[in-house]
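The data blocks that follow each hold one structure.
After this come two complexes, each holding chain A, first together with chain B and then together with chain C.
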Partner chain A sequence: MIIMTYNPYSLEGKTVLVTGASSGIGQSTAIECSKMGASVILTGRNEERLSLTLEKLEGTGHSMIVANLDDETEIEKIVEMASQLNGCVCNAGIGLGTKPAVFYKKKELEQIFTTNTISSILLLKGLVKRKKLINPSSVVFTSSIEGNAITTIGNGMYGMSKAALTAYAKTVALELAPKGIRCNVVTPGMVKTPLTAPTGELTQEQLDADAAKYPLGRYGNPQDIAWGIIYLLSDAACWITGTVLKIDGGITLV
Partner chain B sequence: MELQEFINNFAEQFDDIDASALNGSTIFKDLDEWNSLVALSVIAMIDEEYDITLKGNDIISATTVEDLYNIVQSKK
Partner chain C sequence: MEELVSKLSEILEVDNLDVTKKFTDYEEWDSLAGLSILALLDSDYNTTMSGKEVAAFDSIEAFCKEVLSRQ
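Up next, the complex of A and B:
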């Protein structure tokens, strides 16, 4: 029997904080990180779904923190409760439906930027200030192809919040490099999660036709994104910072 | 809410169509200017003016402007 010991993609011995771990891409990322050997700290607002994720993790040493990232004092709570980290996945995010730009409301703009952009900025600020990210460590942001590689009618608020997140990630990658903290971004295409679950706005035929436009023939699964995130968390990516990794089944090529 | 007021608000979402060119029995999807941006605008207008959230399916199931008006009425 050959025992495989050489694996630069392993997360063995690493502790990783994952936001938005109660659903979709974050949940899958947490589970896959645990399978790769990491101890995972889960965070999200919904305690019940967060506990379900916790149950699905492999190995030991995992924990969860229930917190609302829209609230600065709760971000502080996460920073306070987190142990020393080798990795952080800033993944929590919301849609807000689609509407043309001339209908945007100030409240909606504030909401989307608060959750999708500002919460990750403040979380990372806290983690760095409290020296929770060790040298070396890796931070990964879940952005989107929307606003970064594509622009679609009606999706401007979401796209802006994600483009801003990417711009921030590049700046902070530069500023945190001397501390050995790498910062990278993944930009997923359409992934099947509760965020994108059909709401009756499009018929099943329309959805199937849209999925068929993807060169690789389908929408993404949460794991497809999780594996990209794991790569960026791992030592295999030790010379990568400020990069934007498109994981989109090839849709931005067409 | 009155049909005429609804027609005025509906017409506002088009660049080149005047409210006077529309009435309750206009088949709106046959209008030259009808497209996905106008559809999203109509949904957003109905949300803003009448505080009612329509789904894409509501637009699909309506044929005339009055159909749409009736859907909005039924959700009030």
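Up next, the complex of A and C:
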């Protein structure tokens, strides 16, 4: 019998902070990180769903911080409470529905940029200033193919917030490289989570037909994204920074 | 009614909107027009509908009456 000890993808001994860990991709990322050996610090607004994630984690040494990332003082609280980190997954995000550009409202623009872009920027700023990210460490941002690789009618506000997040990630990758902090981005295609749950607008047949357009034959599962994030967190990606990893079942090829 | 019809004409880019027709009778009806009408309801009429509901009205007039009855 061969005992596997060689695994550059392992997160054994690493502590990873995951935002948006109470649902969808963030929840799956937290669970998968724990299965890969990490101690995970979960954060989100909903205490009940966050606790459910905590219960699903494997191993020990995990914790949770209930906080609203729209609020700068609560971001400070996360920074304050976080222990020394080997990894951080800036994943929390919102959709705000679809609407054409001529109907955008200032309040909505402010909301989407606050949650999807500015919150991650301020969180990372706090973690770096307070020296919570050790050398070497890895930060992964959950962006989207929307705004980065595709453009669809009605999704402009979301796409802009995600394109801005990607642009920021590249700059900060360059600026933090001397501190040994790698910064990378994943851009998922359509993943089945509460964010994308059918609203009743489309029939099951229409949804099935849309999923069938994906070259790999289906929409993504949260785990599909979690595994990409784990790769970027792991030592296997130690020479990768500023990259944008598309995880989209091939949809941007068609 | 006139104001709403004029806003719908603007969205569909049709000069003399025939309110006895259905939205889907117009070749200008597409996903952008549909999304624009939903956004118009939200921003100017403080009400919401699904795209399916909008498209299902027997006539644009019936749609307008429904929207105005909610005011």
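General remarks:
Criterion: the second predicted complex is superposed on the first by the 254 of 254 C-alpha atoms of A that agree within 3 Å, B and C clash if a C-alpha of one lies under 4 Å from a C-alpha of the other, contacts with A are read in each partner's own complex, and residues count from 1 in each chain.
Keep in mind that, in the parts below, a contact is a pair of C-beta atoms (placed from the backbone, for glycine too) under 8 Å apart; a residue touches a chain by one contact, two chains touch by 3 or more.
Note that the coordinates shown come from a computational prediction; the quantities given were computed from them, not determined experimentally.
In the model built by aligning both structures on chain A, chain B clashes with chain C. After overlaying the two complexes on the shared chain, residue contacts for A:V254 are found with neither chain B nor chain C.
Of the two partner chains, neither chain B nor chain C is touched by A:A197. With both structures placed on the common chain, the touch criterion links A:G154 to chain B and to chain C. Once chain A of one complex is fitted onto chain A of the other, the partner contacts of A:P100 extend to both chain B and chain C. Comparing the two complexes, residues 98-100, 102-103, 153-154, 199-201 of chain A contact chain B in one case and chain C in the other. The touching residues of chain B, counted against chain A in their complex, run 36-37, 40-41, 43-45, 47-48, 55-57, 60. Residue ranges of chain A in contact with chain B, taken from their complex: 98-100, 102-103, 153-154, 199-203.
Here chain A touches chain C in the complex through residues 98-100, 102-103, 105, 153-154, 199-201, going by the rule given at the top. If you check the complex, the residues on chain C that touch chain A are 31-32, 35-36, 38-40, 42-43, 50-52.
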